[in-house]
């Protein structure tokens, strides 16, 4: 695992900048024989694509092309190269910021690290980089589907408004996909929408919390002691832009609980071990226990806001004010969800392969 | 990075079970010329060792022996093998649980993964495994010290009692080390102590939150897009037993903030870029920005409690009740802190080496 | 390091099949600030391209496109994605072999491994895959040039005809590049040419030995004990299609020498350590010693021959005869040389980065 | 894979210096349920141990201790830590060389790399380091045995004397183990013995070639394009001290063959694909084809010789003469064979695990 290579047996290499020629990824280790077409990947890219009243107005077509690794609609076992041309790119609005470090962005840190920085649209640090992740995740999801494992996500909370998610996985997913904010709770969705529009009107943005659930993952996933399933998921999730916190199961709330409340009682059902509650979020000692794997990610408000902010011009080494106008999502949570799902699916696939649970499909 | 190997250039391999013959680690990639003795490591192991009224009564001597990699008190550049014999081990109390899965423990998941399980003292899943981490972290800390970088930690909250940490890093560290609970706030410390004793009396346990701070880390650490500094830290921290959540800087609270509140204003000070606030916790776009790196870990209540719990006997496939008597810390937070510091120090060292900031010392 | 990812700090991911849409690679870890253009890469691809009377008549344009990682002609530090479209591909001649395993080829083994096989032009197992390696190697060569390190190669022996290489590195390279067979000895070149033409006429092919030399590599490269420089080079070189042997310095001949003959005497010259001979090929104990790094690769005769061969039809599970007509190099040695140079350059670059000898260029 | 960590799923970390306190290794990824005891490992260590008239007189007991990863004689799936104390070490003879670089040794290169050097007995660069490899290899061999796969080796040639190995695998192995030189040919063994004794008498040493054969390995092992089975084996073999060349199957001789001679004809036998010859050495396109895997390693003459040699004193930066008296094998080939077998067994095990052919044993 390195800067741009992720995974052990199911390995994803991503590349590309926001305003470069294209973005893409290379997926290595996909089991041979899997049927795979561009439409399998396209549908996940479409879920990530901006759209609607609450989102950035950038028209990203994000049409994926498969360049290798597929023969007669099946995976051959060799690297799958996926490419998405960057279209409709306009770097001009970024030109006036090229000597400024946008607050909340990676402008300064990339400059500090590399001594050079592609200022067009945030370069590699742009959320656009996640296109490659979603493409890889679509392949992982297709693999998992063969084993009855599904990965889904929704907004748990936006701008302080909590969503009721007591309806269960299928219902939450279905409801979430029916509104732009991916809220699995219609009442909350309306309140959230108001908050988001209000923030946008004020040239501001809001954050939130996404919840990701994995259903039917087998027990035994994760490699102790460092590559625990929860550690691996935390790594994957925290690598998604704008995420500032990750928790598993009951998460931070566990810090206020007693052991007798937190420990999930174990019972025997149909000749199998079952857990009566799921505070553990499906993971004990870093290994999956067969229950739903549940995690949440804290997502910061979009850093690009049109409100006046204080920053520095590094050429002049002087302080300046900055106002970032343009097409920016006032809330990134709904678009982050497919990315978080993708990373989760990639981790689960890799762990199932490590556990030798995924044979080739031919 | 694998189950028991951690790091890219500064690599730690740990091994050992709670009631096996020994635990240890092999550290590879330590820059040559560093002066290093067993006492450098011993002092960190002593910080991790249980003791006092509030802790487990197991007498772990934890005397480290250096078996390789050092010549005339200096690191030669070859692997440093560290070994700590397990002493005073008594596996008898675990015998009656050998067919039971202790709730909140990894008993079931190890069994599901491996089909076999060393039930003595939790085996590899025991907190004792962290001895190897702390030993490796002691080396990392010594390296970092040469560059003025320090890593410290303290209890931020235990059993719902929040500690006042407004005093600043040095003061927090000093105060935390003066009490058994590692609370940097004496008033809170007393309240926490009461809660912990109360839990123990009731055969129960409590959880909490630890905060870890890195001072003087240079800007530019972390490898985008997957091996971001915050992702790498989340991976390291979540791999520590009992951790159920990780957050960076303002963390989960950021989900309720506006962009204009969360973005840290940038200013120019002494010819250098500075951030006026530190909501980012020292990391932007996955790369350190030169400010304090701040993270928090949610730690669950010790799962071993003497209260009656419901579980399953997997030999008989029947439900049973379990009461785990014996020497167990009613609160693991203070002992987890040196482990969290160690993992943090290891990550920072590795990232500084990746950034070519650590030459050999000779 | 995995099937299609190579390197530790300077990492290359390659992808693509012979008759797929394109081939390419992603290079991660290239130091920022390096000036790099498509022409830097193109010139190495052109050296690999077939041409002339003795070569395959396939017209591969191999025009490289840089898709990411470069901004204003300089490397930004993010992944460099390189793409070469496959043009002029005609899969029809392969159709009649689609149920046959061509002798000397990977047809059977890919089928055994994956259960499915892209039979068009050899798929991923085709020599065409090496385009991505040469592209990555071109970047490595450009990095090395900044440090005065050069990598060159030539035919040492073809079809049993040995080349006189006593003229020294510069002369050997220059002479080798002046003839199609990359022989650094004109007399030998003529004899070799005869042998090659003779083989072709008979529907057959010949093998040979290539020698690769690295000049001015610093002492200290290589990581003991497994990732020794010679081990790493052997790994890289043996991964090139058609290579069946690798030797360093005096190589296999050393097995017939006495220690007193083989050991290179050490002397002091200009305040520096020097070796009076170079049987070691520049590597002692797996670490470079500052002398020329010299290695040789044994390259098998092209397996595609038009002579009748015995093979099996796996659909019918019957034996059949096969004659592989078409455009195939009767000797692959000259075209393998740029590939071997590329792999060598990539290894040396990676080792120099591991040794922290390559800073960023800005 | 790093300096001291080897393997992807079956991972070995070795540590230790010749005259340090101990040497050892940590093996991670061993399938759970395997029965394993110290005697399984001891028997391979004993094969490596010096002894007899032709070998070093150092009395290495090499008694292995298992410190972790085993419970009730079975592998639990957690890291197996193996330790061998260094006994009977006498560093005094090395003291007079501490400012000299012994020709043919890694003294200078370690110094150049690390700026510091453990001069006692060669430190980490000593052949003693291979104890850890042999221990790991013993575990790999035990795993492979469960699948009918065996790895054996013998001297193919020593001091220019070739051994007749036409008797077949079982016979070669049996004969080789019956003499100190591991020659599978009694006539040659006697000639070799004379040559070795002659060299020793003259204060000199001889080299040779070892051949390693893997029987019954399944087809499909190896990961194209970089981690080919032959590339991986070349990496492993070349990392063994004193190896200067590696070849697969017909090896370097292939460079003088025609394609029609080299290509192994394919036939159908018992409903399965068979190869009529084995020039390929069991590997095509980097993937095993089900035939015997055959490789050879060129081993240089022991660099420690008592003949006078020219070298440099780096403290004084002056040339000096050196005579290395003491207990050194005049021919390292027989003792290298168990090490080469170990590395081969480790690679085959890892590749079988990558190919998901090794489940857990419980």
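A, B, C and D are the chain letters, set down in written order, and residue numbers restart from 1 in every chain.
The rule is simple: a residue touches a chain if its C-beta (ideal position, glycine included) is under 8 Å from a C-beta of that chain, and two chains touch if they have at least 3 such contacts.
Computed from a prediction, not measured in an experiment: that's the story for all the values here.
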Selected interface, A-B versus B-C, where C-beta contact pairs are more numerous: A-B
Taking each chain's C-alpha mean as its centre, the one farthest from chain D: A
Length of the line joining the C-alpha centres of chain A and chain B, rounded to whole Å: 26
Rounded Å distance, chain B centre to chain D centre (Cα mean): 39
Centre-to-centre distance between chain C and chain B (centres being mean Cα positions), rounded to whole Å: 46
For chain A, residues contacting two or more additional chains: 2-5, 8, 14, 78, 110, 113, 124, 224
Contacting residues of chain C [partner chain B, same complex]: 8-9, 78, 224, 354, 356, 359
Parts of chain D lying in touch with chain C, wherever the complex brings them together: 1-6, 8, 14, 101, 103-106, 108-110, 112-113, 124-125, 129, 157-160, 199, 204-209, 219-228, 230-239, 241, 243-268, 271, 273, 276, 280-281, 283-290, 298-305, 307, 309-312, 314, 317-319, 355
For the chain D and chain B complex, residues of the former touching the latter: 2-5, 11, 13-17, 20-24, 26, 28-29, 32-33, 65-69, 71, 74, 76-81, 83, 110, 113-118, 120, 123-124, 360, 362
